[in-house]
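Chains: A, B, C and D, in written order; residue numbering restarts at 1 for each.
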Amino acid sequence: MRDASPAKAYALHIAVVALLFVLNFVLPDYHQGLFARIMALAVFAMGYNLLFGYVGLLSLGHAMFFSAGLYGAGLTVYHLGWGVPEAFVAGVACGALLALVIGLLALRTSGVAFMIGTMMFAQVFYLLILYFAAWTGGDQGLVIQQASRVVTVGGDALDLTDPTVRYMSALALFAVVLLITLALVRSRFGRVLVAIRENEERTKMLGYDTGANKLAAVVASGAVCAASGAAYALLFGYVGSSFASVQYSILPLLWVLLGGAATTLGPLIGTLFMYYVTDITSGFTSAYLLIVGVALILLVLFFPKGVLGSIRQRWLGWLP
Amino acid sequence: MKPLLTTKGLSRQFGGLRAVDGVDFALMPGEIRAIIGPNGAGKTTFVSLLSGRVRPSSGTIVFDGADITAMPAYKRVRLGVAYTFQITSVFANLTAFDNVALPVQRTLTDGRTKGQVRTGVMAALERTGLAERAGTLAAHLSYGHQRLLEVAMGLALRPRLLILDEPTQGLADSEIDNFITLVREIAKDATVLLIEHNMPVVMQLADRITVFNSGKILAEGTPDEIRADTQVQDAYLGATHG
Amino acid sequence: MHFGPHLLLAALEGLVTSAVLALTALGLSLVFGVMRIVNVAHGEFFMLGAVLAWAISTAISGHPAIGFVAALVIAPLLVGLVAFLAEWLVLRRLNYNPESTIVATIGMLYIIQQLALTFYGPEARPVEPPFSYRILLPWFGYSGYKLSVVAASAILLVITWLVLTRTRIGLIMRATQYDRETAQAFGIPVERVYAGVFAVGAMLAAIAAVLIVPISQAHYLMGQDPLLLSFIVVIIGGLGSLRGTVVAAVLIGLSDGIVSMFFSPTLAKIIATLVVAMVLVFRPQGLFGTAPR
Amino acid sequence: MADKNGFFDLSKTTLSRRTALKGMAAGAGLALAPGFVRYSQAQSSAPIKIGFQSHRTGIGAAYGRWYERTSAAAVKAINDAGGISGRPVELVIEDDGTDPARGAEVVAKFAKQHKTDIVFGTLFSHVVIGSAPAAGENKIPYFVVSEGHHVASTKLNRYVFQPGITDVKSQIQAMAPWIAANAGKKVTQIFPDFAFGYDHRDYLPPALKAQGADVIAQIAIPPTESSFTKYFPQIPAETEVIYHVMVGPAVLTFVKELGEFYGSQRPQLFGFIDSLEAVDINSPGLEFLDGSHFWEGSPRYAQPDDSAAQKAYRAAVGIDDNGAAVGDPKDVSTAAHMFGCWETLYVVKKAMEDAGYKGPEDRAKLVEATEALKEFAEGPEHPQGPKTFNGKIHQCFGIQNISKVEGGKLKVVHKTKIEDGLYEPEGDYTTQAL
């Protein structure tokens, strides 16, 4: 089955990216902006999915990786005046480094202890942001001025605050991460990760250093989430501690579970779904959380494996 | 000839229970060795110590001249110690192909192309007669086929020592005959250590037999010697044959 | 203030935190231990208990103690009923799949929170304590009610322990926790046990909340902190260990109070959290769990 | 509220981007759709739409509810008097969840989907700061009622204004002389360990120093805290005044625990009413506050010398003499801040009329007209009192009240002068491009 239809899978993913490209020109202004946010945050969900969906490690602390990217990029621009590309790299590097340290510690545990352990490290990270408010702006956060969010590419100045530039930047990041994810899960490394999720002990007895593989997955996941955070800071110009709060650790889990864990496109669908349910319902009722809650329960009752997971199970077995 | 694997005073305690108790053991390259013994004799614990799944309380393990006592399990696998589980533990949600691809890609150190993995996987599946079921989810295979898949995974590791923990459990008689042929073939380029309850299989396959009782080696010898050993008859064979 | 009295105060404060935390965490631990599900809505049951306590105690006139006692009886029952219905209508249908239940309980969290906001409002509202006696120590004054919370919690914990260890219901629960299939084979109505455990878990949280509202007010967002702390307590204490849950609650409550003596408050929080995280990392089976082979 | 949800209503898209698609099949199909052509500019009678970013959910919900009521009352009063330039005013409300990320989305939604003329509202400073970039990028004026110093610090952008409420830095500076003269010279500060508290942490010590008083200890409480007693031993024994400013649902606990800790042997207390906004001062446990003093932006309780404007304002908003909702004495208002919504809307009216504002294409003119404002006279439009406005830092400065808790009510005992709260501007927004 794995090798049954790689062409089909790649074609589907390229079609999705192409559709998103066309949407830039078709979507109404507001939704163009919203889609840019959704794509940037879907990268967060994809990073989370890498660890949760494929390796089966449920973390409740991924807000720290997202905000490591957010602050890594935001603070270097704000305090050091770095350019956008350098700041983005700094953000990703911060996330990867943090993930390495946290991975080394938290991977000593598994199951619920891993879940709580990551949550506590994230809480420490959150409090550190508040503690160093002199640099981070604490809970109020910092604004990255429009003037510092311009990239010069071959003599042309690309203003990231321009809606189309912003959309395309978010799309580019999304597409790159999507295709990397697709290649990764189809790779030998991806196969080992799934094997660890299914049965870690057995995987060890096939000669795999599961600890090192898991650590690599944590670092990869942390780096992708940090890329999302760095992009968020640079595209939307705000860095704040609320992104490090536990809420932002639960959100990617929710997005992934809704869209379908261990599916490459599920994170996008889950993020899209949550955003639009909130946005649409908040338009006609102030009790929209109620509707979101009911929607979640109905979804999990009728699509227990998430939207794409259930579709794959019932109809399209070849979906990656 | 130097032994492939030796243990010295190998012990493992669980709480107050000495599951394996000061075992000195040696295995020659190329032989098929069977370990037999009553339930709770410490057979599975012993092979778990060899494979690294369980840490010894004391004693040493030497494989091919190197002390591997403290070596983690996955590194032993890389040295060539492969272990197949007593309870079938294939990856139920993966296809038979992917199950075997995992060990195959592990052993490929050069020429990492997709084609090589495929060739290796299909070779292992052919050998175990599962080639036609490559695309089936392991969970959907019959029990007998799952046992064979387990063996195929062990084979794909290209082991120097293949440890089989009760490989014929749950197999039909016709399948057992095929299995015996398979093990003989494996033994052409690997040493085989198997725990087995099915005495006819043991007697047909094993070059030598080690009998465990209460965590200790009770006797060791060729099938004929073991059959003739009165101690063994009292402790074990007597119970089954008598 | 001198070191001794300061330590005493920190310890007293820590004990109050521990007492409420132990009850809340015990509820979570039961659900976690017996049903093997992560109930993200546990903190909302806590909040619901507090909000109902406010509603009940303000509806009843007369001496504040009457309203408080009524709240202590009625609020947990109502919360238990809500939890029972939630289990019946949703969790059962999910077959207690760990991932699905996480999403479903996040859904419940939103629903309960929104209902509280709509019908109760966004304000923080106080409940009058049944009595307000200020214990005058040589160095500072201390709330008598706070100490009574510690006592009440201790009594409730002992009762729970007796129920779990000395009664048939407790035996059934432990059997179900140990092995669901075998329990079923022995004729234990596992489904009813699950519904009961889920309701009792929520009720314990609600009782803790009723005890705490006279100290800190009812507010529709008050559920988050107890949820996170309860998770920590349950894991540090070791899954399914009542003794571990209580000890971990005391440890966390006291460490929070005492660490705050030596560092600036936020730094103290950071250090306390980090210390507990490290305990978890280097002793993942919990303080009272047994190490796996 | 015509277009609450216009996802599929293509009439709301602008042509600019779509020109890029000219000739493409998708674009061709769309161009044929009815109503595709962009609306011509609003008719002169069409309402002026004000996007109201409200804390309906989240930690700020108690404030949000009263901000909405006050704003609705102000809009009604403005419309009853003929609207803005003869056009009616319409509020379009979106919930920001008291969350900076959602706040920014809501600002974009106002600008691009609801096509409101301006954005207005919101209190919590992290939401204001998180939303400011979106306002700047969409070039939509953003009028906040947040009292934080962030607008006046000139760290935001030219589209953000705070013309209806004095910022915290100014408030503190105006309070300091009274504290030093009447409460005591040795002050211990207790404040939340996040940005709202930092304004107090940073600006009070120099302000007191100038009056010959000292801050002898600063106790920053972590935002996740729900119990405070354990921090009280850090209050030095020689403290004469405890200066407390806490926000969030735990503040009642804070005051009650302070009461249990000290009993009647307490130092003087001076607090910012932010701690007890929307909370009944007669709640059980708060007896301890009797005789202590609070800052109030606008007095919660009706005062004997209230102006006619103040009385009319209270009646319009629907609060009784105790500052609670008329008919529901338990529903206590956020009187000390919400007046800012009323006054801000009148500032918007003034600025729009000054600018001859016609529609979104005049937003830049509106910004400049607002910056040109200098003074707001006390009266029905500014019931809290007179104010000056500094167009360079987009911040207004008004009088402050110090009230004493007496017999379960807050009685104003001192009113500061505008000059007490003036400080050197830290920058100049008008140099930024529009």
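We adopt the following convention: a residue touches a chain if its C-beta (ideal position, glycine included) is under 8 Å from a C-beta of that chain, and two chains touch if they have at least 3 such contacts.
Quick caveat, the model's predicted, so the values are computed rather than measured.
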item	value
Set of chains adjacent to chain C and to chain D	A
Contact-graph separation of chain B and chain C, given in steps at minimum	2
Of A-D and A-B, pair with higher C-beta contact tally	A-D
Taking each chain's C-alpha mean as its centre, the one farthest from chain D	B
Distance from the mean Cα position of chain D to that of chain B, given in whole angstrom	74
Separation of mean Cα positions, chain B and chain A [Å, integer]	43
Between chain D and chain A, distance of the C-alpha-averaged centres to the nearest whole Å	34
Between chain C and chain A, distance of the C-alpha-averaged centres to the nearest whole Å	32
Multi-partner residues of chain C (at least 2 other chains)	114, 117, 266, 269
Two or more partner chains touched - positions in chain D	57, 193, 222, 224
Where chain A touches two or more other chains at once, by residue number	127, 130-131, 288-289
Pairs of chains found to touch, sorted by chain label	A-B, A-C, A-D, C-D
Contacting residues of chain C [partner chain D, same complex]	1, 5-6, 9-10, 12-14, 16-17, 64, 114, 117, 121-126, 128-129, 132, 134, 136, 140-143, 215-217, 219-222, 225, 257, 260-261, 264-266, 268-269
Contacting residues of chain A [partner chain C, same complex]	105-106, 108-110, 112-113, 115-117, 119-121, 123-124, 127-128, 130-131, 246, 250, 253-254, 257-258, 261, 287-290, 292-297, 299-301, 304
Chain B-facing residues of chain A, complex	1-4, 188, 191-192, 194-195, 198-199, 201-210
Chain A-touching residues of chain D, taken from the complex the two chains share	4-7, 9-10, 12-14, 17-18, 20-21, 24, 26-27, 30, 56-57, 94-95, 99-101, 104-105, 108-109, 111-113, 125-126, 129-130, 132-134, 136-137, 148, 150, 155-157, 193-196, 198, 222-224
List of chain A residues in touch with chain D within their complex	22, 24-34, 37, 127, 130-131, 133, 137-146, 161, 163-164, 236-238, 240-243, 276, 279-280, 282-284, 286, 288-289
